[in-house]
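What follows is a group of structures, each given as structure tokens.
Here chain A shows up in two complexes: once beside chain B, once beside chain C.
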Partner chain A sequence: MHKIYLSLKYGFICVWSMFVVAPFLWALSTSFKDFQSVTSGATYIPWLQFEPTLEGWRVLWESPANGGVDIAEPYLNSIIVTCLASIISIILGTLSAYALSRFTFKAGFIRNNDITFFFISQRIMPPVVLSIPFFIMLGFLGLLDSMVGLIMVYIVLLMPIAVWIMVDFFNKVPREIDETALIDGCNPYQAFFKVVLPNSIPGMIVAGMFCLIFGWTDFFFAFILTFTEVQLLPVRIVALNSSITPWWSLSAAALISVAPLIVVAFIVERFLSKGNLSGALK
Partner chain B sequence: MNFRHKHIFLLPGLLVLIGILIFPILFTVRLSLSSWDSFYPGLDFIGLENYIRLFTDDLRFWESFLRLGFLSLTTVFLQYVIGFSLALMVWRDIAFKRFFRVLFLIPMMSTPVIMTVIWKTVFHESLGPVNDFLSLFELTPLWLSNDFLAKITVIIVEVWQWTPFMFLLLLAGLLSLPEEAFLAASIDGAGPIRKFIYVTFPLMAPISIGAIIIRLIEASKIMDTVYVLTSGGPGTSTETSSFYIFIKGLREFQMGYSAALSFTYLVIMIISLTIIAKVLVRVLMKQD
Partner chain C sequence: MDLVAKGLTLEIEGENHLDDISFGMRKGELYTLLGRTLAGKTTLLKTIAGLITPDSGRLLFEDCDLGGVPVWERNIAMVYQQFINYPHLNVFENVAFPLRQRKVDPAAINRRVMTALSSVGLDGFEGRKIQALSGGQQQRVALARSLAKEAGILLLDEPLVNLDYKLREQLREEFRNIFSSTVASDSILIYSSTDPLEAMQLGGEVIVLDEARVLQQGPGHEIFENPANTRVAEISNDPAMNLMNGTIGDGSIQLGADMALPLPPHFKGLTPGDYIFGLRASDVILADKGISFTVELSEISGSETYLHVAGGAHKFVGLLDMVRNFKAAETVSLSLDVKKIYAFDMAGDLVSSPFGGGR
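Presenting the complex of A and B:
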């Protein structure tokens, strides 16, 4: 009985691991192919089944004038926009979450829970609903196709996540910490910045990781709200998906785009195993 | 603990969010009462005409809604079952525990739209590895140009992409469960299956509900996958509400009508998510 259970368990884990890894391995193999090897049918092992070339990786750094793709610039744009939007969301989200977790607000029928729900409910809106009015608003403000405009939009996207994670996190930080600080003669701001904040670094890191993930992986807003000046990575890569898709450079670009977030996966796992995440995600 | 400066903590975030969102929301409502399209761009006032057309003369919208319901419920259900099993498996003693945890998280870290382009090559009818494998059995299904298989493909890609998120939420929940309950169950001589039914599952119910609702919210926005993989096709067989709104608004430039669609969509989503949350609470927490 126990043996059957164990073999089922490891079997399932193996199958799922293969499923998870398969598209990446396929992309890795494809990125070393050229037109000839792609169009002659599915092949997997370099040297044995096809002659590998570095063409797919090389064109990523060439300028479009030389028939390349040049993902360096959109890569940098993506990093700047995602990081700035995440940082702003974390700062504002943490402050709001602290207020919602510690103080009681009353305005008519609105209570703390309603305000929290308002923050989180922003995630219900599909990007397509917001994209048209955002397009017109940013056009009016002259921020279309600019980083500032994109960062504004991403804040709306990311702050709900920061508030959601931080409210739960602060609810688990004992109130006695603040109260002791207040009794010791701190004013509420000192209590927050000197005592509460240092204790909530793990929560903020988790929230930050989530913001990075959802910011980095967004496609639709960048697709609608930018054209040529500020192109983000997903938009540039998806543009390759045309009638004649260059599978090799597409695969190489996809692998490069995943790379930075693998680090995020390790950080998230570390917090998970240390038990810090369980407080932050519930 | 209460003091008059409490607003200074709350307001920056709230005001920034409202400040950025107030115009888009009001504008959508106003736009839905106009006939703005590519021929006559402008905010005229035509009353509820768009809404009347939407409720009486647009079967395609309601079909896309049903399809969205089918796709999101199926994917979230699969994600929950698989995510929960995976979380249970790497929860306790297992070789290479941390390695598997990282590995299972990775699909979530990859950009959906980019990975979907890769999936499109995987499911390519003549050059992709899936059909290369199936051709051993004399099968070459047309994954992306068959009504039924196109839906299956979208579901496979969505499950691949977002099961990790479910896995993460559920594993975090499992790791926070109190040890005492399991000790007590062991002392009473409960086996692994009984432990799961009487201890783990009931304790996980609130976390499960939270995770399912969050995933349903995110899954209802399903758009990138459909856009790249099938463009709603073949015909309209994978067209979801978001994608239909996208076609009306940004392909055919019927801005006014798409605003009405958006607004109706939001209202229906909020109502149905609330109902689903209530039902889930009743079903999963009935032991209490």
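Presenting the complex of A and C:
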């Protein structure tokens, strides 16, 4: 009985890992192929089944004039837009979450929970529905096809995540800590910056992670709200898909686009496993 | 009087949290707020601290109205029942926090923090992280922080309630020593508790709170000897004082149809009529020629036995100074010590006490 359970368990884990890891391996393998290798049937193992080439990776950095893709500029755009939007979302989100957690708001029938819900309702609507008003608004402001416009839209999309995570986080921090800070001579702003904020770093890191992931992987809004001036990485990658799909550089670009998130996850994991953050507040 | 409350009242959503609370407190003394859970103890402490603003009433400290003074400008320290410290700071910085906030000179900070830590028995813990301390040690850090501040008013909100029994006993003893040695004559100490034993042990004045009202204020022994009414008698005794309706007539106390007790000397002046009689559990004695009761429940606690009995229309709790297992439904013979019996009028106010109180 125990053996059956074990084999079932490991069987399931193996199948699941296949689903998670296989796409990466496929992309990695494909990125080293050329036209010939891609079209000559399913092959996976370099040197054995096909002759690897760096062509797919090389063209990513070539200018379009030389038949390349030039991924550097959209890459930088993506980093700037995602990071700025995430940082601003975390700052605004943390402040609003603290207010929603500590103060009681009343406006007619509206209470704190309703306000928290309004934030998250942005994410309940399908992106298609939001895209039209966003398009019209940015058009009115003259911010279509600009970094500033994209950052604004991303803040609207990312801040609810930050608010949602941070409200939950602050609700778990005893109010008495804030009160003790007040009694110990802090005014409300000092209490927030000297006591509450330093103890909120674990929550802010988690919220920041989610903002970075959602911001970095968004294709839809970047696609709708930009044309030629500003292009983000996901849009450029999809744009590679023309009459002949260059699977090799598409795969290489996809892998490069995932890289920053892996680095972020790695740093956060190291940071959290130090133990001084996760157990800070019990 | 150095700290005076005049008619503090607070109502939230139709419920009284503070109901016309008035008192006077003197520097250099310890006051215990005694009351059950939800009696308004924490609300009152937070009001004194300035964390809660009352609807009406005034709070004066050294003849200065605290009404317009925000929390962070009041000269107050507070210890909560939860172990509240700053998790991102080490022990030294936790204790130093209020002093740094007041821009005390660094050498003085160092001296005051070390003195405070030493008085709570945490020498050598300066560099430790808060999370690395046990509950009792965390509460000592909180206490050290409040002592180092040398505030005019020190509020302690059931500081021992979340600790295990042994540690509570030990810390209570230590607290008393710390208070008498370090709390200077120029501060007021207010301690809240649900435990009458704790209130009596700490010494000092006791303020009995119930349903957001002050029922009685006086020295601990005064509350114990002459509880102003039946509610105080219940709150200030553990187990609560036994209360039973009865009448005085024919030179005896009639408790229902089947129970009569001789009239004690201190009841001689009372007019015949209906009363509520009160008797402490410890004044219920096992006796051969007593009144027969049926055991409902018996619990052994340490070296004592709580005995819940019923007889006629009355139910009692007896606290026997012995360890014995009584069986449920067993018949026991008990004597009620009439020399220790209290009489309250039907409104619940004390009319006669064995210690000479009442009207």
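FYI, the second predicted complex is superposed on the first by the 263 of 282 C-alpha atoms of A that agree within 3 Å, B and C clash if a C-alpha of one lies under 4 Å from a C-alpha of the other, contacts with A are read in each partner's own complex, and residues count from 1 in each chain.
Basically, a contact is a pair of C-beta atoms (placed from the backbone, for glycine too) under 8 Å apart; a residue touches a chain by one contact, two chains touch by 3 or more.
Just so we're clear, the structure is a prediction, and the values are computed from it rather than from any experiment.
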| item | value |
| --- | --- |
| Touched partner set for A:Val148, first chain B, second chain C, both or neither | neither |
| Which superposed partner A:Phe219 touches (first chain B, second chain C, both, neither) | first |
| Partner chain(s) touched by A:Asp184 [first = chain B, second = chain C, both, neither] | second |
| Partner chain in contact with A:Ala99 - chain B first, chain C second, else both or neither | first |
| Which superposed partner A:Ile87 touches (first chain B, second chain C, both, neither) | neither |
| Chain B versus chain C as contact partner of A:Trp247, first or second or both or neither | first |
| Contacts of A:Val238 with chain B and chain C, given as first, second, both or neither | first |
| Partner contacting more residues of chain A (chain B vs chain C) | B |
| Chain B versus chain C as contact partner of A:Ile79, first or second or both or neither | neither |
| Touching partner for A:Ser17 - first (chain B), second (chain C), both, neither | first |
| Chain A positions touched by chain B in one structure and by chain C in the second | 179, 182, 279-282 |
| Residue ranges of chain B in contact with chain A within the complex | 1-3, 5-7, 9-10, 12-14, 16-17, 20-21, 23-25, 27-28, 31, 82, 85-86, 89-90, 94, 98, 100-115, 117-122, 126-129, 131-132, 160, 168-169, 171-173, 175-176, 192, 206-207, 210, 217-218, 220-221, 223-224, 228, 241-243, 245-246, 249-250, 255, 258-259, 262, 265-266, 269-270, 273 |
| Residues on chain C engaged by chain A in the complex (per definition of touch) | 46, 49, 51, 70-74, 76-78, 80, 82, 84, 86-88, 97-98, 101-102, 129, 131, 145, 149 |
| Complex interface listing, chain A residues touching chain B | 5, 9, 12-13, 16-17, 19-24, 26-27, 30, 38-39, 41-42, 44, 92-93, 95-96, 98-100, 102-105, 115, 119, 121-134, 136-137, 152-153, 155-156, 159, 163, 175, 178-179, 182, 188-189, 192, 213, 216-217, 219-220, 224, 233-234, 237-238, 240-241, 245, 247, 250-251, 253-254, 257-258, 261-262, 264-266, 268-269, 272-273, 275, 277-282 |
| Of chain A, residues touching chain C in the complex | 174, 176-177, 179-187, 190, 195, 198-199, 276, 279-282 |
